[in-house]
Structures are given as C-alpha cells and as structure tokens.
Amino acid sequence: MMRRRFMGTTERAAELDAGVDETGRVDETGGARPLRGGRWHVGYTQARHGLRNYWYPALFSHEIEDGTFRTRRMLGENILFNRVDGTVLAVADSCVHHMVRLSAKPGGAESHVPGTVTCWYHGFTYDMRTGDLTGVLTQPDCPLIGRAKIASYPVAERQGVVFAWIGDDEPGPLEADVPPGFLGEDHKVVGLRRTIASNWRLGAENGFDPTHIYFHREAPIVTGTSRRMPLGLNMVPGKEPEFVSAGGRRGLVDMLRENYEPLYEAEVNGSVVKATGTHRSTTEEGSIWLPGVLKITKFLPDPEMTHFEWYVPIDEDRHDYVQMLVRPCANADEEKDFVAQYHGMWEQMFHRDGFNDQDIWARCALQEVFANEDEWSSEQLMKPDMALIHWRRLVHGHARGFQGPPRFAAPKDSVD
Amino acid sequence: MMRRRFMGTTERAAELDAGVDETGRVDETGGARPLRGGRWHVGYTQARHGLRNYWYPALFSHEIEDGTFRTRRMLGENILFNRVDGTVLAVADSCVHHMVRLSAKPGGAESHVPGTVTCWYHGFTYDMRTGDLTGVLTQPDCPLIGRAKIASYPVAERQGVVFAWIGDDEPGPLEADVPPGFLGEDHKVVGLRRTIASNWRLGAENGFDPTHIYFHREAPIVTGTSRRMPLGLNMVPGKEPEFVSAGGRRGLVDMLRENYEPLYEAEVNGSVVKATGTHRSTTEEGSIWLPGVLKITKFLPDPEMTHFEWYVPIDEDRHDYVQMLVRPCANADEEKDFVAQYHGMWEQMFHRDGFNDQDIWARCALQEVFANEDEWSSEQLMKPDMALIHWRRLVHGHARGFQGPPRFAAPKDSVD
Amino acid sequence: MMRRRFMGTTERAAELDAGVDETGRVDETGGARPLRGGRWHVGYTQARHGLRNYWYPALFSHEIEDGTFRTRRMLGENILFNRVDGTVLAVADSCVHHMVRLSAKPGGAESHVPGTVTCWYHGFTYDMRTGDLTGVLTQPDCPLIGRAKIASYPVAERQGVVFAWIGDDEPGPLEADVPPGFLGEDHKVVGLRRTIASNWRLGAENGFDPTHIYFHREAPIVTGTSRRMPLGLNMVPGKEPEFVSAGGRRGLVDMLRENYEPLYEAEVNGSVVKATGTHRSTTEEGSIWLPGVLKITKFLPDPEMTHFEWYVPIDEDRHDYVQMLVRPCANADEEKDFVAQYHGMWEQMFHRDGFNDQDIWARCALQEVFANEDEWSSEQLMKPDMALIHWRRLVHGHARGFQGPPRFAAPKDSVD
C-alpha cells in the first residue's frame, strides 16, 4: 500500500525492517559507529524535499472557517483547502487546463456551488472531494468533464488541527504519524506556526539534539526563573535513545534524565565555567517521530503540559514550524484556564522569544552550511550526537517514501 | 533576405509555406488535432526569447524628445535611441572597447556632436546612423576608427510610435508587421506601455484566447455598464480562426460573432450560473499577428475605436505591454475629442484597472507554470482552445526567425 | 613554499619566471601583441575568485578594539578576527562540529576566556592563535579535543591596518605584498573601505587604466580646482609600463608623465572638443602590484601624499575597496594636520564623491559585461590598453596561486 518514489528503496526498507523488533530496539543502533561514509547519507539526502506517504499538519482548525479557502505549500506541492459544511477538503491548487493556481486570482479561489471550486480563468469546475472535473462554465459539453481531474488530498481534522496526507496511495491511520499521547480525547491543543528559512531536517536536528541546551542557557525562560540548565551532558554508559516501532509509528525516545548525566561546570583553557540558576530541572523525555515531529515532556512547571513541534517541509529551503502545547483538560473551565495560561505566558516565554526563537536562528545558521548536501560528511561529531545519528538512520531506513523535487516553483505569496 | 537563426528552420519553413494559400487558410488547420506531441512545440519553445526579423514598437514618439537619448531592452538586446533633428536613430547600447553600456553613466549617454554618441569611459565615438566608430577622444589616431562599429537598428516612426527592426538583414516593410488598419493616414493613436513579468507568449495567449472573457465578467467596464458578457462560447460547426497571409503579413482572424455562439448560463453541480448585465454585446473580431500583436474591433461603444496591443519581449520572463487605442479622426477637433475621451475614460476603464489589468495578473499566473517550458505538453485543452493551437502553429511554422538567448544580462535599471 | 591550487600552474610559472630579469622587464612585454586568443586568458579567468598566498588588508586597526570580534569574508572565506591583549588573531569562522559560523549568533561570537572562541551551539572552544579545539563545554572529555582544529590565519598589523594571509602555507614577508613606499616608518595612513558590487579584477583594471582619466574630467576635484585634465594620452614611442620584480614583490610601473603625451583637444565628426581647466597637472606615476593594489603618486597638490587602493575579493561579484592616503609625518603635529586635512577635504573630494565614486560605478558597469568570463575575448583594444594587457599577463604569469570557488555561500550579513 505504501510506495516509495525511488527505485530500490522499498526492497531495501523491507530488508532493514527484517532486523527490527517492532517493540524494541533496532539492532543497528547497538553502539556508536563511525559516521563518515555511513550509508545513512543516501536516504538522508533523498529526504531533502520531505518524507512521502505521511500525514502532516497543514492548518489549525481556526485558520479555515466554513466556506473559505486557504492555500498551503507542503513538500513542494501547492494545495488548496476548503471547508465545506464543516469538513475540510483539499485538492491540488492547479487547474488541468493551463495549470494556473486556482487560488492565483487576487481575492483567492472561486466557488459557485459549495463543495466545488471553479478556476477563475475559464471556469473549469472541480469537486473538492474527489478533484473530478465536473463542469466547464465556458464550455458546458466539454468532453474532458468526467474524465479529467486534479489530485485530491485526504484530510483529517483532530484536536483542532487539520492534517493532510501527502502520498501516493490511500492514507494510513493518523495515529501512526503523530507522537504517542497527542490524540488523547480530553487533550486541548494550543499553538502557532511560522515559516522558517531552513530545510525541515535542520529543524528536526536542532530539536532532538540533546546538547544544544547549552545555547539556551541565557533564554529568558531560563534566566527569568533561575532555572539551572546543565552546560553539558555525559551519556550514561549503556544508555542511548531507543528506537520505537509500533502500529506503523516509528520514532526515537531519549529518556533525558536516565540517559545523560548533567554537567554544571566545565574547564576551558584553565578557567572554570559554571552554569547559573538555582532551580535544578531537567526535561524528562524528548522523542522524535517520523515524518518529523518532536515531543518534549515535563519541560514546563506543570508536568501535564507536553510540547509538540512539527517541521513540515515547504520547499527544500523552508519549513513550516508548527508548535503545539497540549494538556489534558477535565472540563471547560480547565480548558479555559489552560488557554489563558498559554496566551498569557507560554506562547511568549516558551514558543516565542522566551525560548524557541533561539532554535529558529540556529536552524538558519545550519541552513547556510547544509544547503550544500555534501557538508553532511564534513561534520566531526561527539558522543551525544548519537541521537542525531539515530535520527538520520531512522529517516534513511524507515521512511515510507521520499518526496522528489517540486513540479512548480513556489508562488511568491505562497506562505503567510 | 530573411534568415532564421537556428539550423534547419529555414528549410522547414519553406516546406510549410508550400502548402499555404497566400490569401486563405493554411491547410493544416482544417480541424482540431491532438495537441500533445504536436511538432508546434519545437518552434514555440524556440520562440521563448522572441521572434527575429520583425518591427517592434519601442517607444511612443512623445517619450523621446529631440536631442535626447532613451534606452530599451528588446528581445534581450540593449538598445540606445536618440532623436537627432527630428529623426530617431538607434544603435547597440554597448561600446566595442570594453562593451559597457553607453548609457551606463548616471545621467545617461553623452554626445559631443549631434548625431554621435561618445562612450563615457574612454571617448569612443559612434555615428548614431551607422554605428561606425568615427573617433576616439582619448586616442585620435586609433586604428580602430573607421573599422570598428556597433550594431545599428533600423527605426521607423509612424502614427506617433517609434518602431525598431530587430533582425539580421535589411528590414522589410513596416506594413507587414502591424495589423491591417493600424497605419491609416487619419488614424490617431493613444496608449501606454508597461513592463509585465511574464514571457511575451503568455501575453499573446491571454489576449487571443476567446473563452477567457469569462474572467472579465466582474471587470468594472462590464459591471459598470450592465454589459452582458457571455459566460462561455460554443464553436459554430465549420467555423474557426482563419489564417491570413498577405504582403508578408501573417496572422489569425477570429470572427467572434460568427465563429462562436455565446452562452449566458451554465449548470454546475446541479446549480445554474447565469451571466449578469442586460446590454448584450459581443466583440466583432479578434485577430493576432506576427510578431505578437492583437487587434480587437468593436469592443467599445464607439465602433470606430480599435484596440491594439503588442507583447514585446524584454527578456524571457518579461515583456513590454504596449496598449493602443486607435480611431480615425477627420480633423483636429475630432482628434482632440478622442484624446480627451481616452484620458478621461478609456485609459482607466479599458487599458488599466477597468479591464486590462486583469489580463496582467493572468499572465503572471501563467508565468508561474510556463517558466518551465515542459509544461506546454501538460495542458488539457478544449475546443475553443483551437485559437491557441492555431497561434502556436503560426509561430512554429511562419515566424521569420527565432531570437537566441541574450548576450548580456539585463541591467538593473533596464526598464522604465 | 608557495603552492598554486590548480594543476600545472606551478610548473608553468617556473617556466615563465625563467625568462624574467628580477630587476627589470619581463621579456614577453617587449611590444604590443595581439590580445585575442592570448594565453593570458587562462590565468586571468582562474583569478576570478582572487589570488592565493598573499597578504590582504582586512580591517583598519581602529575597527577592532581589544576584546572584540569582527568578521570579514575574503576570497570567499569567512574569517573571524579577535583582538586579544592588543594582538589581532584570526580563525576560520566555522565550527568543526556542524560548521556553523562561530559569529552566527545574534550579538556575535562568544568567548569565555580571552584568546579563545566558544561556539554558541554546543560549546566547542578554540584557541584563537592556533585554531586548535581546546575544550568542549558540553562534553569535557570529548576525544576531539586536541585533535580537531579550525584553520587559523596569519595576521600582521602595520601602519594602522590589519592584514590577513590567505594561503596554504607559512606566510611570506608583508613587504612583498604591498607597494614600495607603503611601509615607511613615519608614514601615517588614513582611509576607508567599502563593498563594491564587482569582481576585484574590474577594480584593478579601472584603476590602472591610463586613459580612463577622460571620464573623470567633470569630477568635482577637477572642475572645482580648474585642473586641466588631458582628454587623452598618446604613448611615447618606446615607452610603456614596466614590469618590476624584486624581493618577491611583482608589479607594473607606469611613469605617466614620461610614457604618455597628453592630448588637450580632439576632433569628433568635424567638431573640436577641448579639455577645460587652466592648471595643467598630470600624475607622476601609477603602479599596480600583486595581489591587486594600486599606488598613485603626486596626484594631489601636496606631492608627499600618496594614494593606495586595494581591491580585496569578497566573492566573485564583490570586492572590498580599501582606499588609503599616506603621508610621511615628522611628528605628532604634522600627523594631526594630515588627519585633519584628510577628513576635512580629501576624504570627500578624492576618496568619495569628488573623484573615486566615479570609479565605483565604472566597475559596476564593467561587471554587467564581465560577469560572463567569455567577454574578455570580445574587446577591441587600443594602444594605451597595453597597460591592461600587461596587468592581465602579470596575473596570468606571476600570481602565486589562484583561489577556487567558495565552500560556503556568503552569509546574508557578511559585509558591513
């Protein structure tokens, strides 16, 4: 059912999967192995344009009101979303006639009948559910009607988020493509998203990197709360991120408190550098999941708040950074309180300039380097970078498919 | 006399011409033929940089006063214009010495003696009529004098418009390169020109496309006058745009009232969409001519006003959109009245945001697609697109020559 | 000791050098030879990214205070400068870990201990003197410590200017890479530098070109002082720029008053054009030196003021234009007076819009042409262009090495 786009990868994937215990570790991660020349380069470079045959968050539900259209560019594909009678539908934003974007008209896509979209140029009209060409306003008996169609994208809306399936075949379960714990019935999701000028993989690498906490040491969320952030991390012998594969979901779980011993001071050229702050705190667990979503538990004072962040490819040099904070809420009052806390505090102090904005410029700094794919083989890594190696191997060996280069260049106004 | 730039096209053109009745139809347009794989792709793709060996409008006469210089980039060539004793002359805007633009100096090109241009850098001086290097101010006995030269461009000024010949040999008659009816003795021409960010062919395709009237249905010139625009057009059996070839002029004439039956309502997914407005009106005739100029008759209330529009290539992704409204005027009073009507009404309501501005963004939407030349073979066309097929075949089979890629990149300030 | 980057050039250089009298002329410059097809094209095209194994001015001393970092992009390399206890040190601005720029963090590079730089991302710490990785804050026992290193750049600070050696091996003497007379003990240097949007070679060609004085004839420094600038120059028979090679320094000296006869009028198409101004003045001497620095003597009223200008490659389409005015000063008062004269008069009237700003737009006009390396063979040169031919041959035959294309693209904020 799931196909890969490049010759040979399906067979290779099956071969690799043969050595995997669905509930445990992948055998190949038993120890640190030399990185240079490692075969993970192949699949990781193929992943430049994103991973195919996955569900991705496209919009927050509140971004698309009933009867309205929205566009997103995802993995290099221009997609047109439309909410019809409460349900979000999606088709390729490209008319079969002359391939213009259906949304190219100033003011956006047109619809004469709900559930259809009509091309502004010559009136080719498509069913938003199927993509079928169901009418041509300028030529009612055009023989293309009923024969031509544009691609339609499966859409799932859960937890206040609109997900689109970017793939070739019928979609798999959404559960397989989101981290465990995201879809809880009583979970309330708040968050935001923005366009970041880096490849999506650099978002993932920055997020899952255990030692990059170093550069957050002066973040307002740290200094403003006297939080004692480790300067560094020593790997506990025998411990490392664990490969998890269950129900089609594949990821890596890094038990941060168990796998690493925090360092609060270090000597540099004879001088001792010490961590500041007094409130010791380490995050419980960081995990990363295909197709590129990070989960962080117990980073905030309220241990029930869990952070998720997606790196959704837009183009090879941009990704949509989708940040979410999730908390189980027993009733409407709790939910209201959580939303108020988010907008009053955590949006600014965690998701924006209090913390995550630092990650954004780190990705942009990485982009200067890794825009050239050859640079992956120039790195000189250290032990805790094992987390990154595992991530790259996960992509190489377990991605369902790799997206190819885009057909159409990005429209100038493609991202909001 | 007329040469083509690419090997083999001359022979093929002669072969194609053998089957053409100079006063009637080209035999190959007898019916709709499948587009995909059609050999018109070859010549149409070659036409990317423009058609060579034609007259093109460069400037309106009022844009270049006596004694002044103006520059235009046309078909990727930088051209320097100069009006000398009333006559406009043109040469390549590139010194033979170090090839800098003669106009590159802030303030523009220099002239010590009327009828000459002197390069600002080392004083190489050229005759504006011939392009001959007639002196070198910094080295009066330079042996290049009388030997070196820059290209000169034939110029013709008619109807208040300065035309330049972009070609290899002696120019043909201007009459052959403008639509019939343009050069009438008593015709007054008004208009404007602007730089559009699309390939010139997309201007031509948008303009000659019969069914694109659909997207003009909400233009101020339509809604503001209760004009009843058809939603669509059915081709009348046996009728289609006619190939015209006479006196070196080649074009396609589409008798819009005869060739198409207007549709004022259409059903889409069970709902009926109706055209608005009460004043029925269809345009009499649209025609398009090599090297890329459209003529529209009887579109405006005054049937004597005829619209012409040129799509003059600047680069592969820009063209100069030259819009003209022409009317025979018996005397100075009529002329004055026509000019006043144009500036008081039609410039805004027809040539700008009342109507033609819509065509401009349509071309830009097409440019997103056809910047990639391969996309010409992805279209799925309908019957009235026969007009476009004929146009593409006309270019493929009857263009005098095809321009190659530009030698010099566009200067940053190349367009007005 | 000096190596060239491209195969075969070392051998060829040795071969060419065999025919050179170290104190006199190179035998191959005995006369004007046809330019087209000349083998100088090879080396001159290789010089696109700059000449390797030379000292280049990077900063004025006052631009980098003690304890601070500054970055420069030179010949396509990102370099980090740091003044430590008075001494300027320089290393590659690229961490070995993930190759991010050490200076990429908003606010600039970090240092916990003077004489070291610590990467903002994971705390890799380098010795600014050697580039050695001396510590990793996040992983104190990382085995890379003491093994990994970033490149370090030799730095020399003389005459208030910080020079960096861009090369592969141990640096040669600074004396060999600056024009004679620059390093005088009592010489005071004033000046400025700016980023110019042209290849560095176009700066050199504009500067050393004897006949380009023509286009300075309307410069404020000329007209404002009734200076009588020649329109052109005739080469005195038997005279031409002389090749100088001594102590590793290689250059061309053009004795302007001896080698050329000034022309004060010229006839163009029957009209006589005359130079203006009454104060006859010609510059004594212009000379150009590898790796691309011009020296002009006795251009200003005070014959002791000498002008130097460097064209330091940033990228293939940008160079750092470093302008200096130098005067021997016997004591502090003379020095103070010279500095006051510079800022009160010559900075504006000579180095900026009174004169040199004209050279800047000339280079940009040349860049439009020579961005395409093929255009070097389209020129049609005249006799005094022998100076340019000699310069190109000098680069071709005597450059120590040629820089290759850059590894990293230019950071967006790379130049100030």
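Should a chain be cited, it is by its letter among A, B and C, assigned in written order, with residues numbered from 1 in that chain.
As a convention for this text, contacts are C-beta pairs under 8 Å (C-beta built on N, C-alpha and C of every residue); 3 or more make two chains touch, one makes a residue touch a chain.
Just so it is clear, the model here is predicted, and its values are computed rather than measured.
Where chain A touches chain B, the two copies mostly use different residue numbers: shared numbers make up under half of all numbers in play. Fitting chain B to chain C on CA positions gives a rotation angle of 120°, reported to the nearest 5.
Centre-to-centre, using mean CA coordinates, chain A is 47 Å away from chain B. Shared interface positions of chain A, defined as residues touching 2 or more other chains, are absent.
Those residues of chain B that touch chain C in the complex are listed here as 94, 96-101, 104-106, 112-113, 115-116, 118, 120-123, 125, 127, 134-140, 142-144, 148, 407-409, 411.
The touching residues of chain B, when paired with chain A in their complex, are 209, 211-212, 214-215, 231-234, 263, 266-271, 273, 361-362, 365-366, 368-369, 371-372, 375, 378-384.
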